[in-house]
Every structure is written in C-alpha cells, then in structure tokens.
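Dropping the structure in here first, questions after.
Which chain is which? They are A, B, C and D, in the order written, and residues in each are numbered from 1.
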Amino acid sequence: MNIMLMLLVVPLITAFLTMAILKHQKTVWTIFLAVSGYLSYALFTMYGKWDLSWSIELGFKMFGKNVVLSLINSPLGWFFAFFASLTTLLIAMFSIAYNDEKHDSKTAPIWLLLIFSNIGIFFAKDWLMFFIMWEAMSTTAYFIIAHGKEISAKAAKFYLSISLIGTSTLLLGIILVSRLSQTFDIGVSIDSLVKLFSTNYSAALLYIGLFITTFLIKSAIFPFYMWPSKAYAESPDDFTPFLSTVMSKYGVYGLILFILPILAKSDLPMFGKISQPAYMLAVLGAITSVLATILAIFQTDMKKLFAYSSVANVGYIVMGLATMSVVGIQGALFHSVNHMIFKTAIFLSLAAVIYRTGERDMHKLGGLVYKMPLTFLVYLLAIISAAGIPPLSGFTSKWLIVQALMAQKMLFVVVAMIFASTGAFMYLLRCLASVFLGQLPDKYKDIKEAPLLMAIPMTILMLLTLAIGVIPGIITKPIDAVLTGMGYNVEPSSWTTVHTALAKSDLNLTYLFYVFMVACVISLIMYLISGKQEKIDQIDNYTAGENPLEWDTTPDRFNFAYGFYQPFKQMFNPMLDLISFERWMSSFGRIVERASSALSLLYTRSEGAILMLYIGIAILIIGGMM
Amino acid sequence: MVVINIILYSLFAILVGLIFMGIGRKVSARMHLRYGPPFYQSILDIFKLMSRKSFTHNFVMDLGMVMALAGLLGTMLYVPIAGHSAFISNSNIIVIMYLMAIGSLGMAMAVTASGNPNATIGISRALTMMLGYEIPFFIIVLGLIISNNSSSISVIAASQAGSIWNWNIWHMPLGYIAMEITLQAMMGEKPFDAMIAPAEVASGPMVELSGKYLGLGLLTHAVSIFVETGLMVNFFFGGGSNPIDFVIKQLGIYLIAVIFDNIFPRYKIEQAVKFLWIFPTGIAVVQLLLLAF
Amino acid sequence: MTMSNIFLISSTSLIFIGLFGVLTRKNIVKILLSLNIIETGINLLLVAFGYKEGGKVPILTSSDSINHLGNMVDPVPQALVLTSIVIGLGTTAFALGLTIRYYKTHGTLNIEANDEEEVTAHE
Amino acid sequence: MNSVLFLIVIPLLGAFLALFGKKANRIVAILITAFTEIFSIMIYLSDKLPVSVAIGGWQAPYGINFVLTPLSVGFIVLINLAAIISLFIIRGEKEYQFYSTYLVLLAAANGIVLTGDIFNFYIFSELTTFAITALIAYPRNRRSTGAAIKYLILASTASSFLLIGIGVVYKTLGTLNIADIASKIDLLNPLTLELIIVLILTGIFVELELFPFNMWVPKAYFAGTASVNVMLHGMLGTAGAYIIARILLTMFAVNGSGMLVNANIANAIIVIAMLTIFVSEIAAFNEKKLKKVLAFSSMGQMGLIIFGFMIGNEQALTGAFYMVVANFLAKIILFVLTGEFIAMTGSDNWEDMKGIGRKHPVAGVSFVIGSLSLMGVPFFAGFWGKLAVIQGAMSGNSFMITGIVIILITAVVEGVYFLKISHTFFLKKEDEKEFNAKARIHSIVIAAALAVIVLAIGVHPGLIENNVNRATNEILNSTSNYVDVVFPGRY
C-alpha cells in the first residue's frame, strides 16, 4: 500500500476504532500514542524520497475534468509534518497520564481526525485537497477546544467564527485562483498568479490577499491575534500544546508554500530591499509580536499568557519569512521547530501543574519548585529557550531572524522584534516567579511531582531543546532540503555554525556552548570555594523570624504576583483600550445577535405576512423593469 | 590553552570591574565631601563576603546566582578587549545582548526564590527597566550594524582604527548621547535605579542575599560594569589600541556614569521607561535615519 | 367600451379590493371574505378571457354547428372557472373550520393574536 | 406506461379508505408509500424514460398529460423516500384524519412533479396546501391552529396570483400544456411575459420559502410534529426544487440554455435568493427553538438552491442538484433527531438538550454530520454542491459575484450556530434527572443510515454523479428535451 495513503488511512481508521471503545480511556490514548509513533516513524523513513505521491480521481467534474485529489511528499511539507508528528508523539505520551478519570476530555478520536487532516494539509498537492483538509482541521479543532464543557464552548465559538471567516476567504481564493489556472494544482496556480501580477496588479493582490487573510487568521497574526487567548486557555490542557505549536504553523506553512514563491518570482514595487507586499507582511508580524508581548505581560491566567506568547512567536516567524531571504526563511523554519519544542515543553509543564493543583491563575500558585522540581527544570530550560537565550535552541532561530532583518535593512521591524523578545523575559519570568518560586501555599503542601509518563516527554523535550541549541545542524540540514526544494541556492549548512548575510557575523554555537560551560565552571568554582551556607525557611528571613500565622495571615499572601507589572500596565492602559479588537469583535457579535432576534421576532409575529408578500411581488416587478 | 585564556580573561574582567567599583565609590564620596573607602575596598568586600556563612532557601538560589555570574562571564568573553579576545570569534552583538540576559534571568530567579516581596518587586522593576533600555540600546546598535554591514563588534571596532577622528563618537554624536543615557539605565545608576531603590524596596533584588550570594552578586555587577563600558568603548571610542588604553577609556566612561549617578534623583519606574522611550530612543532613531538614508 | 373591457375592469377591481382587504383586515372572517372576493374577481377574469362578443355556446347542437366553430365562445376558461370555484369553496370551508378552532383556542378572531408559541413543547 | 397514474390514484384511494380504517391506517399508509416508492424507483431504473403519458387517451395539448423524465422521476423517488421516513417517525398520531390527509399530500406532491399541464399543477399545489395545512393543524392546539390558518391565508392569496397568471397564459398563448407554452414562450411580447412570470412566480415562491414570501415557514415548522416537518421539508421542499427546474428553467427558459427568458427577472430572483440566504441565516443565529433554527436553515438552503439554478451554467446546475440531494438527506436527519430530542427533553429549546449526545452518541454524531453537511464542510455531501455553485457563479454577472460573497459570509454565521447547537448535545447534563422519554431506536437508525449516505456522497461524490448529470443535461437543454418528449419532432 502506498505509504502516503497509509499516512492518511491509519489515523482515520483508528479514529473510528477509538470512537467505538471510547470508554476505555487508557487504551484509547495508548492507541493514539501508537498512531503518532507510527506516523513519526513513517515520516522519518520518507525523508529524501521526494517522488512519493498518491492521487485519487473523484467522479465530480470541474473545469470539464474529473476532480483529482493528490498528495505529494515535498521537503517543505515533510519538514512541518515530521516535526508536528514528533511533537504529537510526545504530547500523546503525556496525554496517557493526563487523561485519568478527573481530567478525561474524551477527545482522542477527534484528535486523530485532526492529525489526519494535519497530514493532508502538509502533503496536499492540489488546492482542493488542501481546502478539504483545512476545513476538516478547523471543524475538528472546534470540537476538541469545546470538549463538552460550557465555558470552553464559549471560547471555541469565538475561535470558530474567526476560523470560518478564514475558510470562507480560502474557498473564495481557491476558486478564483483555480479559475485562473483552470486546474487545482498548487504549482500551476503559483505560475498563473505570477503572470497575473504582471498584467493586473490589483487583482493579483486581491487574490493573494484572500489567501493571506486565511493564513493570518490561522496563525493568529494581527489583526486576528485575539482568538488564541480564549481558545488556548479553554481547550483541554494536553491539547493546548498541539493547538499552540502545530496548529499555529498551518498559516506559516501556507505562507511558505504559496505566498513566498509568488512574491519572490513576481515583479513587484519595492520598498527598500524587499517588495511592498512582503514588507506589509513583515509589519503585520511586527505589530503582532509587539502587541501580543504587551498583552502577555499583563495576563494573570498562565495559559492565556502563553497563548499570547505563541502569537508573538508566530509573529517572529512571519517577520523572518517576510525578509524573503535565505537566512530569514531558514530562521523562520528553524523557529517553527523551536517553537514547537519549547512551547510544547512549557505547556506540558503547565499542564502538569494544572494536573496536580487544578489552578490556572498564577497568583494563586507559588513555590511549586519545592514539590515539582523536575517540572520546574523543564519549564526553566523551556523559557530560556523561548526567551532566545543561548545556548538553548530558541536563540539560534531568533538570531537568524534578527540577522536577516538587519541584512534586509528592515529597521523598524527588527526593533519590534527586539522589543518583543525583551518583553518576553518579562512575561516568562512572571510565570516562573509566580508559579514555581515564592511561597508555597498551604493547600499545596501535599502535592507530588508529575507522574512518570508525564515526566518522560517533558524531559525529552528539555534535552531536545538543549541538543538543537548546541548542534543546530539537526534542524538546519533538513532546512537545506526545504530551501533547495523551494528553488533557493543554498550551500550545505554545517552542524555547528549558522551563517548570515552580514559580513563576518557567522556564529559557532557549539563553541558558544563550550564557552558558556567554562564560564559556568568558573562561577561554580567561585561558589564552591567560598563559605558554607545554611538552609532556612523562607519566612525566617524577611519577617525577621515572626510567624505570619500569628497576624492571622498566611505566608503565601506575601507573594508578589497579582499586579506584577502594575506601573507598566498603567502606561499601556489607554492604548489597550483603544485597540481592543476583542471588544470590537464581541460588539459585532452582539449586533448580529440583535439583528437575529429582530428578524426572528418578525417571523414569530408574522403580522405583515401579506404585506411582505406584496413587497416580494414589488421586488419582482421592479426587478423585471430594470 | 583556550580554557586558560578564558580563566585569565575572566579574572581580569572581575578585577577591573571591582577596582572600577572601588574608584566609583571613592569618587562618589568625594562628591559627597566624604573621604571614602580605598579603591581596593570592593575586593576586600568580596573576600569578606565569600568567606562568611550565608543563608539559602532552596537550590534555585544557588543555581540562579551561579547562572548569573556565568552568564555575565560568558558575555564578557565575547567582548573584544582592544582587539584581543579569549578565543577566536566574531563577537556578535546580538549574542552579547542575549547572553547578558542569562545574568538577569539567573539573578531574578535567585532572588524571587526567596519569596521576599521586596525582592520580587525589585525584579519586576528591573525587567521593566530592561525593556525600557533595550530599545534605545538596540536602535543605536542597529545604526552601527547598518553602517558597517556587520554585526561583529570586532569589525565595528576595527573600522575606527587609526586616528582619533575615526571614532564613531564624531561620526554619530547623537548616537553617543543616546548611548550615554541608555548606559546609565543599563548599569542601574540614578536616575534609573528604581529597581534597587534602597528607600522603597530595601535594595530590591539584594534584600535577601547574604554572604557568598551577595558576593556572587557583586561579582556579577562588576563584570557587568566591565561589559557595558567595554561595549561603549568598542562602539564609540575606537576600541583602544592596547588593553591599558581600553581600560582607561572604560574608566572614563564609568566615572561619567558615577558622576551622573550622584547628581540626579530617582525616576519612578514608569517615568523611567517613558523617559527612555522618548528621549534616548528619539535621538537614536534620528541617528539611525541619518545613517540609513 | 366593449363588454369585455367592462368585464376586465370590474374583475381587476374586485381582485384589488380583495387584495386590499386581505392586507388590512385583522378579523379572520373578514380576511376570508376578502379572499372570496379575490376568487370571484379571478373567476370573472377567466370568463372574460374566453368571452367573445356575440359568441355562441360551445356545444355542437347540430351537424351545422361545425361550420360556425369560429363564432363559439372558448369553453376551456369556463371549465377552469368551474374547477376554480370548487377549489375556492374547499378553501373557504376548510378555512372556516380552522377559524372555529382558532376562536376556541385563542378566544378571538383577531389574526394578530400571536402569543400562540408560548404553549408547552410538543414533539 | 399508463400505470404511472397509480402514483396518484392509489394514494388518493388510500386516503378515501383511511376514513374507514382504524388501527390498520398506519400499515396501509406505509404499504401504499412503499409501493409508490418502489414503483417510482422501477420507473427510474427502466429504460423507457423519458416518456409522455396522455391521460384518458387525449393527446397533448388537448388532453392532460404526465411527463416522465429522469428529472421528474428522480424527484418522485426523493419525495416518496421522505414520505416513508415521515411515516416511520410518527409518534402519537393515530386518527384517520392524519393518514387520510397524509395520503392526499402524497398524491398531490407526486402530481405536482408528474403533471405536464399548468392548470393541473395549480390544482395539485392547492391540494398540497390543504393537506399540509391540515397536517400542521393536526395537534389541534393553539400553536398549530394559528400557524395553520396563517399559512392557509398566505398560500391562498398567493395561489390566486398563480391562477391569474395561468389565465393570462391561456389568454395569450391559448394553451395550458407546459411543453406547448415552453415552445411558444418566445412569441409573447416582453411586458406580457413579465406579467405572467411575476404572477406565476408569486404563486410558487410562497411554497419555495423565499424571503419576502415566507413568513409562514418558521411558524409552520414549529407547529408541526416531527413527521410533518419531514413532510414539509422532504416532500414539499423537494417538490419546490423541482418546480424551479420545471417552471422557471423549462417553461420560462431561453431555448437550449437553461436560463430564464427574462434576464432582469432572473437578477431579481437572485436578489431574492440572496436576501433569503442572508435573512434566514441571520435569523437562525440567535434562535433558541431548535425546530425554528432548522426552519430558518431550510429557507437558507432553498435560497442557495435557487441561486444555483438561476446561474444556469452546467457547473452551477450540477451543484444545485448536489445541493438538493444533500439538503434533502441532511435536513431529514436533523428533523428526525429533533423530534426525538424534543420528546426526550420535553423542551423546544436546544439549550435544554444537554447530555443527549452523551447518552446516545450515534444520534449526536448523526446530528453533527447533518449539520456539517448543511454547512458545506468537506467530507459531507453538501460541500460538493456548494463548491460547484460558487464555482459556477464565478462566471456570472455582478449579482452572482455578490451572491458568492453573501454565501460565504452567511456560511460563517451558519457554521457558528450549527456547531454551537451540535456541541450542546455533548455537554454534561446539569441535573441527574432521567429524560422524559426514551429515544426510539428506529429513528436513530434512520438518522444514522442517512448520515452514512451523506458521508458516502461526501467522500465519493461519484456515487450520484450519473443521476445528477442526467438531471443537469436535461435542464441544460430543457426546452427542447422537454418539448421533444411531449411533441416528438417539434424541435
């Protein structure tokens, strides 16, 4: 059997299978793990075999031909699909432990359907396949986010309405483009759009605008940055990493697949070194990163905080793509993988915290490092990576993107990037300080470390981010294949060094790691040779030995966590009020609801039935006379 | 060989940093019409602190302090000292910017682990301040990178070699002014010292540190002074022809900062950020536009 | 003004009177009356369509009648009218029956008694 | 082929007999419907189509004739399928009135589709009006009586327009045979033609549930029981779709194009279709009564179908026919399940229906499949129809392009409310109380079977491709095809 087909069939069949045995949760999730394992393995074996394909002809005619749905193994698709399935594999392991009686979300079958569409999106060769899988993905995601909870359903509704707008624009775009090229093939449509850019600039801009809108919506780029904070926060805790890391990449994938080749091949008006549409994209990415960072800083709910952080990170990726240069795209692809790894690690460690404590508000937690040291360590390394601090993986990709932006002289975009990544320290540390450090509340005195099955994937992720940080070649080698597949001329990248377009700016990361290690050893020696330390209780020091319980309060009340950046927030309040798209969206929703009620009332009372009949006749008569 | 180099460079930086601190204290004292401690007082302090018994709350404190010092040392190793470097590298500015963050992160982690609200408030202010000064700092750096088409400090320093008139301070005076203000914030000197503010948050991050932790903290501070002034020298003062020249230039820059520290009152944190985002940033943007177009 | 024009004018005015009645009346019985007026108008209109000035009955009374076919009135509209009258009767009867039930359930003949959806659910 | 008369006569006979029957009524009705269904399938599969059957031996245009084309018999098959399903899900109705009127409805619906005579068409449509009014009024409570009388008044007013239109047609063309009219329609002067079209369209648009004509729809669906809803949707609605194809695209068509003869009116109809889609989807968005939501959605789908038909090119027609089938199947699923759900919870409000999907997962998933098909999500039948209609509309004029935008905007609204409702069934039940009634297994089986068909067509649209192509080709050359059947050799 064709391996491409197997990739689709296996999750599909198991989805229906698991639906039948949904009551046996552990079995279901184990099957889920097995499927993701199989997918990862199959994808691993597919590397380099760029001629694999599969297609089916449907008995449905469009453009005078029968419609053909086809899949192809392209380096780009493989790149995303492989790392997505690897992430899924790790999450799946976590999910087995997570979905016990209390946290049972019963979403495994739907999730398998989502994985099925996930594979379809990444390997689609024609627009119809792409659209089918895209819509399947949007819809299944709705059901997982909502997962039978009322509060989640509300958030999912928000996701759904924005997501459906995206599918609508995608459908319109696909139909327009396929009419233009008289086929659904993606490669052909790129060429025909390039041609259209030379003849009818504004039409072509409209066409790719429709696609870009869809991709921006799915990746939550400005002006659609607000849905993740709701959807990520309310989805099942073990699904949030998938939502944040894999699903936010669909838009990125779409941009690389379709928009970048068009912008690269077309003759477009320039702004500085790059074309205007690309610059617009970069600006959108910049606004997203800045805005999402600011919003993340002010969140009190940790899942919301990292939802915004995800948005900001996808903003970096889009900025990297918009440079249209080898280094930028390399950085963007690299950051996609990095984001998958470190954000999965973060969300999994938070899920472990929620699993143990059942609490999502950061200020109600604290001091968990005493009880969950491994989780803390995973979280720590993940945020170091997320903050882009060497020698962990996140640094390399951010560095590449910054270098590419500077080489293309996109000055204000790169400032936005730095702003966002500096702001990242603020929110990352806020969560660290509030959740893991500080005073442990009394009610969490008895909680335990995360179970083994959760600890394993978390540890793997931690090691992965370190390994990639030290040896970037693990990722840059496959990226070479992707870039070559996209038609860029790239030299084979080295295992240790990353290159940039600027003069004398290459960076050897392994060396950097060694240097940092030596520095660590020096400082460790200084620590060791100095005097002894004594371990004392936290309150012993700053309350000068007094017991807060004697003043009718508990020590955890001293945690400074709620208004962590209050002065800073006051600076931004006017701006946040001004740009609250969320409020605009909900007021729009209310308008629709009111219109709906009014129309419904019209039908309920139906007094004017005859009058409406006459109005209809009038419309017909007037229409006929026009 | 490289390892020995690294150790020597580290010790050098620590030493220089500590002596600078001592000199700074002396200068401040003279400005206050006091006599002041001797210039090597900081070194003595270190020895005293390191040998004392100290209190810790959990392993995060130890980890954090070690990380902080290691991060700053690592950063220092990437800063070329008058063209010399512990090992062959391109001394990339972006690397330095991000490596410095390890120090902040380690320090932040260590002190928030203590659970003292004053320390946490201090950290929250410090990070806010960081966002404040990184923007003008990076815009200045960007100007340098654009004009040299390289993000390597060595290249930037080498481009100013030769006559004193090749120094960037003459080519981009606005950038220098912005950098001077920003540097004040980077070093946490007045008027930008809201995070340690002894009167409000009892010296903020340092409140719970004792003995060797405070010692490590002082060492970190010393190295950070070396790094920050070293960057300034490389950026605007030609990088120095030999290490002595380099250190003297550094000292000059540090003393300017100390003098400002002594004559200004303190900004509130949001005022500081606003100030940083308006004046130095504005000046730096003007400089950047002049360079780019 | 020929007869056929008189028929046309009177039938259209009947139809419009009926349409106006349906639109403006609130009482169901009055609405049904208006519907009947429309129907009468339509029937008249249909007959008028088949009307021929001085035409004969379309019945072959003798073998001679074959020669005067062109002079006969069109029989089809009359057949239509008959059917339409029957349907109209059916409508009216059925509607009046419903009206009785409406009065029982609503206690009024006003068509604007619109609170009927508040009763409990039925499958 | 005179036996085709059985399709009408036997139900009518049954309707008469049902007046005397007591307990056997339901069985008799099922047997009769099964007979008509099997008989129509046999006709559809036989190779005698298309054929014109003269009733009583008088040839058209003088006698009354039935025209059996693949299109009309295909619709008969669908209508009878809906009829038989509606009988299976009957819950409380036991009295003879119900079965009698039901059989009249069946005969009339079959008659509407089969007849080749416009006056007969009028009679049959009046007959369906009576029958459906009676069925709506059947529960005899406040709600159903009000809905019934309002529907009756509206429908009677509208049908009088239809009758006037028929009169004018006869006056000007001297014939009542649809084929005859179709072949002579070019002879009329434009003003008369417009008058005729407006009059006749007014008559049929009320049954087509198009926007300004459809004030009765939510009330009627809301008042009817589940089986009456299936009849309203599956029999009347499907017959309505046939009426568009036959009256608009055959009788009033430009020869050989499948387009309405008067382009202005065609645009006006597209505007009306767009209004219908827009108004109905918006109205459904905040509606709490599940039956009304489905009624609004029915209106919207009807708007979409007529939009597809009015575009008139092959692509759009194919899409419209796919949509007819998909809408037929999917909406029946929803109505069947809605009946069960309302009986189970004792509430019309979908917000009260929490926990049903957890108790009956098959029912819940079938409902989801039905909703997704109506939304036009891939893997479900509705998608192909929507895709083809939009694709077809792209080559149309600016009205049609606007239509696409409206369809896509309303698709968002539609998706939100449908998935919102579908998900509600999977929420946890708030109280531990048992449901009022048990869900009946056969209803769920019917829904699940239809859901499987929807899924199958969605995955492999080739399943019904031949049938749809037959219908499309017939409409594309509608006039000549149709006239050729009735008057061989006229074209």
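Just a few scattered comments:
Methods note: contacts are C-beta pairs under 8 Å (C-beta built on N, C-alpha and C of every residue); 3 or more make two chains touch, one makes a residue touch a chain.
Given the structure is predicted, the values throughout are model-derived calculations rather than measurements.
The chains in contact with subunit A as well as with subunit C are D. Chain closest to the overall centre, judged by the mean of its C-alpha atoms against the mean of all protein C-alpha atoms: A.
Across the assembly, the chain pair joined by the most C-beta contact pairs is A-B.
Taking each chain's centre as the average of its CA atoms, subunit A and subunit B sit 35 Å apart. One simple way to say how far apart two chains are is to compare their mean CA positions; for subunit C and subunit D this gives 27 Å.
Subunit B and subunit C have centres, each the mean of its CA atoms, that are 98 Å apart. Taking each chain's centre as the average of its CA atoms, subunit B and subunit D sit 78 Å apart. Chain contacts: subunit C has residues 19, 22, 111, 114, 117 touching two or more partner chains. Touching of two or more other chains is recorded for residues 604, 606, 610 of subunit A.
Every pair of chains in contact is given here: A-B, A-C, A-D, C-D.
Partner subunit D is touched in their complex by these residues of subunit A: 19, 22, 58-62, 131-133, 135-136, 139, 142-143, 146, 148-150, 153, 156-157, 160-161, 164-165, 168-169, 171-172, 175-176, 179, 592-597, 599-600, 602-604, 606, 608-610, 612-613, 615-617, 619-626. Residue ranges on subunit B touching subunit A, taken from their complex, read 3, 6-7, 10, 49-60, 62, 65-67, 69-71, 73-74, 77-78, 86-87, 89-90, 92, 94-95, 97-99, 101-102, 104-105, 108-109, 112-118, 120-121, 123-125, 127-128, 130-131, 134-135, 138-139, 142, 145-146, 148-152, 154-155, 207-208, 211-213, 215-216, 219, 268-270, 273-274, 288, 292.
By the touch criterion given at the top, residues 19, 22-23, 111-112, 114, 117 of subunit C touch subunit A in their complex. Of all residues in subunit D, those touching subunit C in their complex are 91-92, 119, 123, 126, 130, 133-134, 137, 139-143, 145-150, 152-153, 156-157, 160, 163-164, 166-168, 170-171, 176, 219, 222, 225-226, 289, 339-340, 342-343, 346-348. Residues 150, 153-154, 157-158, 161, 194, 197-198, 201-202, 205-206, 210-213, 215-219, 262, 264-265, 267-269, 271-272, 279, 282-287, 292, 296, 315, 318, 358, 361, 365, 368, 372, 377-379, 383-384, 387-388, 390-391, 394-395, 404-405, 408-409, 411-413, 415-416, 419-420, 423-424, 426-428, 460-463, 465 of subunit D are the ones that touch subunit A when the two sit in their complex.
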